[in-house]
Amino acid sequence: MAAIVSLATRTRSILPTMQADGPSGNWGRWGPDDERGALNLVTAEVVLEAARGLRTGKVYSLALPISRSRTPAVWDRPPPERFTRTAPQDQVEREGTHGHRVGSADDMLVLPSHAGTHIDALCHVFEGDSFYNGHPVDSFTTRRGAGKCSIVRTGTVATRAVLLDVPAASGLESLPAGHVITAAELDACCEREGLDVRPGDAVLIRTGWLEVLAGDASTPSFPQAGIGLEAASWLQAHDVCLVAADNSAVEVLPFEGGELAVHVQLIVHSGIALLEHAWLAELAADRCYVSLLVVGALPVVGATGSPVNPIAIG
Amino acid sequence: MAAIVSLATRTRSILPTMQADGPSGNWGRWGPDDERGALNLVTAEVVLEAARGLRTGKVYSLALPISRSRTPAVWDRPPPERFTRTAPQDQVEREGTHGHRVGSADDMLVLPSHAGTHIDALCHVFEGDSFYNGHPVDSFTTRRGAGKCSIVRTGTVATRAVLLDVPAASGLESLPAGHVITAAELDACCEREGLDVRPGDAVLIRTGWLEVLAGDASTPSFPQAGIGLEAASWLQAHDVCLVAADNSAVEVLPFEGGELAVHVQLIVHSGIALLEHAWLAELAADRCYVSLLVVGALPVVGATGSPVNPIAIG
Amino acid sequence: MAAIVSLATRTRSILPTMQADGPSGNWGRWGPDDERGALNLVTAEVVLEAARGLRTGKVYSLALPISRSRTPAVWDRPPPERFTRTAPQDQVEREGTHGHRVGSADDMLVLPSHAGTHIDALCHVFEGDSFYNGHPVDSFTTRRGAGKCSIVRTGTVATRAVLLDVPAASGLESLPAGHVITAAELDACCEREGLDVRPGDAVLIRTGWLEVLAGDASTPSFPQAGIGLEAASWLQAHDVCLVAADNSAVEVLPFEGGELAVHVQLIVHSGIALLEHAWLAELAADRCYVSLLVVGALPVVGATGSPVNPIAIG
Amino acid sequence: MAAIVSLATRTRSILPTMQADGPSGNWGRWGPDDERGALNLVTAEVVLEAARGLRTGKVYSLALPISRSRTPAVWDRPPPERFTRTAPQDQVEREGTHGHRVGSADDMLVLPSHAGTHIDALCHVFEGDSFYNGHPVDSFTTRRGAGKCSIVRTGTVATRAVLLDVPAASGLESLPAGHVITAAELDACCEREGLDVRPGDAVLIRTGWLEVLAGDASTPSFPQAGIGLEAASWLQAHDVCLVAADNSAVEVLPFEGGELAVHVQLIVHSGIALLEHAWLAELAADRCYVSLLVVGALPVVGATGSPVNPIAIG
């Protein structure tokens, strides 16, 4: 793959469709200018089928509350902060329709794009000189942010989602710290839950880590269970559009097989967005294994990701 | 209901118990502790029916891009800003799986909670000493923000949405600045579009203003077309759960009938959330009058609202 | 004093010049509209004499470096942050005079006004309904900040400063945690150092705490040595204009005699600004007990304080 | 110079002491590791002499108030913002020494490092691959900011300052927009004011522009009067340590002789810090041509500059 990638980065051209070690990436699959990646797999038919297949109509928020104390502290990122801009007490002079004073309150939000429950844009990770699809790293500047593959391109998602409850398939409440989730474990989840992963699906992988953290704030953020390269290949082979997990990196910590190995394989090679710190406890408790997932990331021009409140409808 | 409302208000303060012009507000309707307001009207059946009724599967983002230059400048709010925290160029030393350097980029977002496309929490507006349902204004402090009715309570929305294209019903591309949308105009939209507004619906009101602004950045933000008190009563009477519009305040500017009159009537009296600066041009162009609307606001603890990327599925 | 203060706050008038328990506060001393407090004591003569009395010309910065990791974490304040806005790498296309590319870099600072080395404005603390000099608490709103006694009024200081090295006078390197510095200890410092405290002086009180913290980042921030009410009265009696210390509150932690007792006595009653987290190690090492102190706080309109880099010239 | 600089950048070595076209820069003058630049010229003797020569003891703040509306809007920088973090109204439960409630207020500051009255660190500008003294541009990363020549190195200044009132020397109130200040004009100022510029001096150059802007907020920020390359050489030849002006760039806008030409010559070649948007009106009105200037920039680790409140003592 090294040679192939270096060829691709040299020529800003496309990647062959097969490699020795498994399914190839998606460079060029949707044209040389594509910035949307595997979300191209989500056709209107996929969406319609997901919507029409709903069974309960129950609405789940997969987001953690956003506050300094409730956001997992990882990677040395600043915590999210909220500051009041206008308080009700400021407004004593404005009289409304009914003879009472009326007024409003508002606030300012200072948010890392990758803290709490968030989605990675395809420009979040690079390899060599390239983002996904060979878009050059130089398209990113500090001042403007991402010129290619920003969150504006991948921030709107609606598709069928399948929850793979990995610890449940092994009779556990949560996976051991540092456990590398394998392809066989993903297959076991599908079998236990009676479902198939289809092209265009979002896959929600439960490790149980966020629930452990919620129960004990002193839980270390390293190591963490997550997927390794083999499971990443499984997800690529199933042509999924997005992978979410209830941990900090989707992939196992420490990384298996090199720095950001799964991020590089899924985001850079295949244009598959990752969504981290997803709160999957309620879906799992309800055994709601298939849902309609809707993610509306903030379309911040140039941004590499966004905090999100992903919504799953059962 | 009148008794409940007067009970709720007697101990904290005021509010007339009934109004001549139609249904009273919703204080007490879902119990004295309710902070969710009219979103209580969105039952699982409403959601299921909305999902199963989809016709095209086309996915629409109703959000404006977020950047200093593309966010309407109203109310003297600071503009949204994005700053790079880590740039790809920072990382030259980390080697990945394939022998290439790998790395990541991320950013910081500084966002007013009520700029661009955003949703108002029920604590955004108050009357006298009360927020919606009689929750006391003193539950809000500058330091912690809202103790009641914060965006955490109303930030997760999935329901049927109807688009009322007001200018189209009058053969216009956009409404004149300052035009007060009436109940009759809303009825005319329903008739023209062949639909009814049902309990639990979100109503998307198109004025055309954002499209005018998009075409000419020098378009003044004052006055603006929007709904007045009569149309607000119409929406209350139809038991809608949320009102969105493609303008800055849903209500007409200047206010009709007093400071923040429609905000007070819908948010404070009835617990109906407002969503502003919704981009409705594409829904209107497609004549997609009924959709499944999903809004995932950021659940910032204590916040009065949130920027959002509302997603409508046709 | 309670009766006197309540009288003062009722009438927004002035305070008598003497109280049973010692020197009174300074309300009314410089007129009913004064917002500058004890800095009024710094006459041009005081400044000239301080400048002409310099002995070494050595310049000391009394500020801690500003970064998340090097700012003492107290009071749950957010840490200071710096973000790059433009990096040199962004600018590859601009050619300068000499045929080379040229460019610039800049950043954004997100700073609590009271973290690290900082000065308190006279609006930082209130008692009853009043700030210093009876300015009403209602002059402060969340939206605009301080309408009276903001940092704009007291942010420019140049005067003679005396360093009182309290642990040195007791043969210690630093004071024990929670030690209450007494008037007798301040007198002992003056005697040991051969100096008098004069009207208009700034007093720099060394406890040694910051040096202990610099040597061991795990040093708890509570309790801390600092002055109590007796020493505060001593400082009032000496008509000082500002009190700085190398701890987090100038006053002892836990407070002696009630919530924020010394802050209230010095800031609210007497209009004496406090400056916290001053780095006094180098002055002390050089036995530079008298200096010209210059503090240029950021004149942020409405702010309650400012991070500062106080400069002492020996 | 081009050849010399490229040699220097290739070898990260030092600069010869003379060039064909005038006084050389200061690379290597204070050793290969120096990050302090011309501030090395400010010896203790310079400071002592400046302090002892004071005549009035009057204290001047050279800073503009910091607020969104009062900060000149140039270079598309975000405006400075202040947000209240804790308001007095939040604190109703804490009782102090005298039986009254007591409490505090504080705020958050969001400040561009180069807006309003500010000082440039020596890493603010680069040429080729180098900052001042050949420090490599790669020592700067977006994540950490400046590794060399940050504001921490040059943020503490105390020295003799001379005010050169350029328009006054020509009988004007302010210079015409775009006027290039020449060496002859600086000489004329010295002669009119009866002073010499000495090694280690800070030079305050008045153009009158900020006063024009203060009188008419619609004054364009482009073009502006300022110094050109000849005046920059004059300042280098006089071995000054810092140049301040009451305009946006010290140098004339549009640049004379290429992008950032004077910035490059003074900052990169000679290590002379620039201070912009200095408020010189009061010094000029008082004809206070010689003062002790003290600048305490915020020592933000990695920052390229800092807002400042420079203080001049007459």
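Labels for the chains are A, B, C and D, by order of writing; each one numbers its residues from 1.
Operating definition for what follows: a contact is a pair of C-beta atoms (placed from the backbone, for glycine too) under 8 Å apart; a residue touches a chain by one contact, two chains touch by 3 or more.
Keep in mind it's a predicted model, so treat the numbers as computed, not measured.
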Residue-number overlap at the chain B/chain D interface, same or different (half cut): same
Cα superposition angle of chain A on its copy chain B, in degrees to the nearest 5: 180
Centroid distance [mean C-alpha coordinates] between chain B and chain A, Å: 25
Centroid spacing, where centroids are CA-atom means, of chain B and chain D in whole angstrom: 46
Geometric centre distance via CA averages, chain D-chain A, whole Å: 45
Where chain D touches two or more other chains at once, by residue number: 78, 81, 84-85, 87, 89, 108, 110, 141-143
Residue ranges of chain C touching chain B (in the complex, touch as defined): 81, 83-85, 87, 89, 108, 142
Touch list for chain D against partner chain B, complex: 68, 78-79, 81, 84-87, 89-90, 110, 141-144
Residue ranges of chain D touching chain C (in the complex, touch as defined): 1-2, 5-6, 42-48, 51-52, 54, 56-59, 61, 63-67, 70, 77-78, 80, 82, 84-85, 87-89, 94-114, 123-128, 137, 140-143, 145-146, 152, 155-156, 158, 229, 257-261, 263-265, 268, 292, 294-311, 313
